[in-house]
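Same chain, two partners: subunit A is paired with subunit B first, then with subunit C.
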Partner chain A sequence: MMKSNIPNSTDLTCAIKVVDLHVDFATAGGVLPAVRGVSFELEQGETLAIVGESGSGKSVTALSIMQLIAKRTGRISSGEIVFDGQDLLQLDEHKLREMRGNAISMIFQEPMSSLNPLMKVGHQVGEVFRRHLKVDRAEAKRLSIEMLRKVGLSAPERRYNEFPHQISGGMRQRVMIAIALACRPQLLIADEPTTALDVTIQGQILDLIQDLKSENEMSVIIITHDLGVVAEIVDYVVVMYAGQVVETGYAREIFEQPRHPYTKALINAVPKLGLRTRTKQRTRLEEIVGTVPNLLALPAGCAFCERCDYAQEICSTSAPSMEVVGARRSVRCHFDLTKKDRHHER
Partner chain B sequence: MSAENREAPLLEVSDLKVHFGEASAPVKAVDGVSFSIGRGETLGLVGESGCGKTTTGMAIVNLVKSTGGSILFEGREITSIDHLSRAEQLQLRSQIQIVFQDPFSSLNPRMSLFQTLDQPLKIHGMAPQDRRERIDMLLDRVGLNPAHASRYAHEFSGGQRQRIGIARALALNPKLIICDEAVSALDVSIQAQIINLLIDLQEEFGLSYLFISHDLAVVEHLADRVAVMYLGKIIEAARYDEVFSAPKHPYTRALLSSIPVPDPKGRGEERQTIKGEMPSPFAPPSGCHFHPRCPVVMAKCKVERPSLEFVDEEHQVSCHLSTKQADTSLGTPKKGELA
Partner chain C sequence: MFAFIVRRLLQFIPTILGISLIMFLLLNLIPGNAALSSAGRLELAPEVVEQIKAELGLDKPIVQRYVQYITRLAQGDMGQSYLRRYDVSEVVFSRLGATLKLAFAAISIALLIGVPLGFFAALKQGTWMDMLLTVVAVGGVSIPQFWLGILLMYFFGFMLHLLPTSGYGNGSLANLVLPALTLGLGYTAMLARITRAAVIEVLTSDYVRTARAKGLSELAINVRHVFRNAFVLILTTAGLLFGSLIGQTVVVERLFSWPGIGSLVVEAIFQRDIPVAQGCLLVIIFVFLTVNLLVDILYRAINPQIDFE
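Now for the complex of A and B:
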């Protein structure tokens, strides 16, 4: 079904293409299907957001691209990840190492736990240059200080010699970005890059990612649950629920006319800044009842069925498939919200 | 809700100070904070990490010791509870409860849901049969299944754990609940459920909330009045609609303008990010604490610290510009359609 939506891999405008990705984890309760057939593609120079709640599989999808799934428990059981004309899932560990931090790099939510506490921050940036550009110590230091300056650290010569605990959370995230962008990657994957940061610092980091993106002609995948961040910097959106993509589309389309009930509910559940001040009413928020389903015991029908305002009988018995409904626009729902013949709300 | 209750506030905090470390060079985590909360009222306390909002909440429930100022609860001095008898301390603790941010670390993993809720009731001398009834009522009220009472914390999801935290806070019929980032760790769909629950419970039990949060959209939704903290001090306080439609302090404006608005239509507009980070409380700047980051800083701001003054009946601001002009000539924030 998704196949028709995917151009062939020789398409030069495509930055990365994920096709029917399945990732399973072995747990005490059985095999947990964390990612269940995820497909999407990202165009050159585009910022794509994978949006979803905890447990939706968004981070696992990102980690799969880097192939950082712990081998002890996790397994990419099938699928293709096409980058630069080759399937990353077929590469050996040596080739993967060449690629990680070089052509594709990643920043994480918690900069404190992603930096080595025993190593000066400058050396952690320098390591990337030494590893991938094979430069000597002095040159690595020069490049590192340059990079730290570029991500907006004040007094980069001094910061170079400091340890992660000596700098603030916002600065640590800047260091992470410096490490990630050191080799000018074609693709940056940012997993909740601003979630742990204060709102004023979040603004600074988002601006920084935007600036460096246009400067380096880079494509970005941002994993987030914050729809504000999506509206602010994202071009194309992939909404995930219970391990599957449930809706894709350009950011503006997604916000203006969500087609999947989950997307709509997600947008409505967020308090709107300025709304109460205008209306002078403290209304109840539109909540999404219940919780995400247990991936070890998924329902037979649609995974969102139990929580859906629009669910009909068919939803509990038959899982909807992904329908292409426009240019790079698709939805997984028996009752696309924009269809006129949709049944009435429950 | 706020105006008529102003005469007899439930909680009155005056010039509260919490200083840590040596008296010669203290870290002033909270440095002269004053506010009041009326019955049934919600005060939103906002600010970035390290501004002292959590420490303020902790000082009210005596989980950190204040080093100055006074806290009155129903007119009674509770700044220090050492002078109170054990019975009085117990009684006081039943009146003020707290819900924490992280529902994982704030529940005892070795206690079942029933035990978690039973413990406070037992300590406060309720008979076993009454306790059982009360627990059933509480679970029902916060939307948990009473059949799950024998389960342990790890068997619940994050949202359910936060419901347990709220049930525990409600157990003793408190008058004031301090919510310290109570919805911040939750997914948006679950966050909406918990915010609605807090609204319902407030209406049903006439609760007052001190709602501590860095999420301004959530605070706007819940609070009657809002106080903005920066480096240990309140820099602006007003009714919620005043703060969100006519913020007067440059820091409040910057905060509001840096929130990404979930609507791509507004994207063309420039986000006003402020430079730099909150200074370390170990080395606070001279004059106004905000002056190194302030877009409209004046020479006076670097030497003289402004005090929190009323610029109109219900609106306090600590800024040399506002107290001089008391108008909004700085222009309103561009983002978020606040007007």
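Now for the complex of A and C:
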């Protein structure tokens, strides 16, 4: 149906490569294709943002890399996830466990519920050291306190013995980061790491991730619905819609010249800070009208067609395929926004 | 923690006072009295009945009788049986051991079988094994104890001649098995259901996903993360369940002629031997309150989110 035209790069510099990933979920209404042929590539040391609305398949893509999709309902039906020269989807459960929390780590959206409420936070960090570095209790404790200090927790010796309910949301996310980075992973996947936090804390957490990234020489995938939050720290952007990648490109190119109408709409939906003056009318925040299509009953044409300002007749009948339009830049649209002559605004 | 326990023990006093009043009123308002039942089928002359009533103090007004009862109770005196000349406290406490033994055995069965089965069913959620366990558990919850008891007696006692069908048998283990199973199986089934639901809830939690993301083995995840958290949920419901189990001993003890408080209280009520019935009920209530207190202490001990304040 659609071909992935991601240009090949040498595997030496490639941190992770996802090729034509398909993930299905069994629901009461039938098989739901949450991820439909996602491909992207991340280079060593890069920060990549997967951007999209709820239900775009971005979290499922992230969980697929870790293979943490609930087996009872979800299934990776096809694709390849190449990491460190091997296809993660071919690894057995034992090898995957060796890798999780070690070479690839993940932090989650809800720091409130992502920590075990009955376990001291120090032990939750120490568990990773004991598992992957096979150290004894005392050494795990020493390393954990060191790690808690590194993620910016004050009085880490005291925090070590505290339970999650005794510390704030921002601190809990710092503990999650400590857990994720304990074994110096090559790849960190952060699934909406700041969404549940106060705005002032959001920046701190992103800064922390950036600092530790350069220190550890790791690559980062940030899953987000908010382009504004990550704009400053990402190198490369993958925009997802209804289970598909609709646009990829370097962050600057994407922000300066979005080629897909959905990407443009996402950028316009980011609030811009500014004072209203007499001469300048306050700009109205643009919303994307409508909702994501029902993945159980996808339209024949482009999935974004119904909400698109630029849709033409062809959009409702034929689904566009991914087209390479530059270096690591591709778009899935019949009417590339940069080719002004080819479309007429509705 | 010590202050918490003392405070909770002090709360026993108003609770027991309140319950004793309700109990006293109810027992004294049921028709019939010890004077008549002790006479049995004998046609006693009305003067004789009045004389017995006077001897037992039943001719005095109910308020006066209650005040007298409470005053004596405060001194540790539960009174004398109307029908036999013995101290109520003596006979009640001599029977308490048998009841506690039965209840403890039943709770152990429920915990040792119900919790692992529920855990297993949750891990195998949606498979035929889970379905089978669910069907068995629903059956187990639904079977009335008196019928289950008779079935067990019939199979293990009458047909297979493996176990004695009734009696205490000088406290031998063989005599304990059938009554404990009868009392415990329903709770085993309930506990299996509760455990299954709790474990499924915990398995879908974010912190179990975090544990997976750490690369922990299934065993480590289940032991360190799933079970402890599920147990907090289980304990909330199981605590109430075990309180009610003490009350259920009445039926089972009666069925198996188990010489505990349950069979004593039934006997006493039939004979309108009110001091004995009151004594039994008070002890049952006391045990109920103690079980609840123990569950509360345990709950706080394993859940750091709730402290002893």
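Just so it is clear, the second predicted complex is superposed on the first by the 326 of 346 C-alpha atoms of A that agree within 3 Å, B and C clash if a C-alpha of one lies under 4 Å from a C-alpha of the other, contacts with A are read in each partner's own complex, and residues count from 1 in each chain.
As a convention for this text, contacts are C-beta pairs under 8 Å (C-beta built on N, C-alpha and C of every residue); 3 or more make two chains touch, one makes a residue touch a chain.
No experiment lies behind these values; they were computed from the predicted model shown.
J.: Given the superposition on subunit A, are subunit B and subunit C in a clash or a fit?
T.: fit
J.: With both complexes overlaid on chain A, does A:Glu287 touch subunit B (first), subunit C (second), both or neither?
T.: first
J.: Looking at A:Glu80, would you say it contacts subunit B, subunit C, both, or neither? Reply first, second, both or neither.
T.: neither
J.: Which chain, subunit B or subunit C, ends up touching more residues of subunit A in the combined arrangement?
T.: Of subunit B and subunit C, B contacts more residues of subunit A.
J.: Answer with first, second, both or neither: which of subunit B and subunit C does A:Glu110 touch in the superposed model?
T.: Once the two structures are laid over each other on A, A:Glu110 reaches subunit C alone.
J.: For A:Arg100, select first, second, both or neither according to whether it touches subunit B, subunit C, the two together, or no partner.
T.: second
J.: Using C-alpha centres only, what angle sits at subunit A with arms pointing to subunit B and subunit C? Round to the nearest 10 degrees.
T.: 70
J.: Determine, under the contact definition given at the top, whether A:Val229 touches first (subunit B), second (subunit C), both, or neither.
T.: It touches subunit B, and subunit C stays clear.
J.: In whole Å, how close do subunit B and subunit C get at the C-alpha level once superposed?
T.: Least C-alpha distance: 15 Å.
J.: For the complex, which residues does subunit B have touching subunit A?
T.: Touching subunit A from subunit B are residues 48-49, 157-160, 187-193, 195-196, 199-200, 214, 216-218, 220-222, 240-241, 244-245, 254-256, 258-267, 271, 273-275, 277-278, 336-338.
J.: Can you name the residues of subunit A that touch subunit B in the complex?
T.: Interface residues on subunit A, with respect to subunit B: 53-54, 168-171, 198-204, 206-207, 225-232, 251-252, 255, 265-267, 269-278, 280, 282, 284-289, 291.
J.: Considering only the defined contacts, which subunit C positions touch subunit A in the complex?
T.: Subunit C reaches subunit A through residues 125-126, 204-207, 209-217, 220, 224-225, 228-229, 232, 302-305.
J.: Would you tell me which residues of subunit A are touching subunit C in their complex?
T.: Touching subunit C from subunit A are residues 66, 68, 70, 72, 96-102, 105-106, 108, 110, 113-119, 124, 127-128, 131-132, 163, 165, 176, 179-180.
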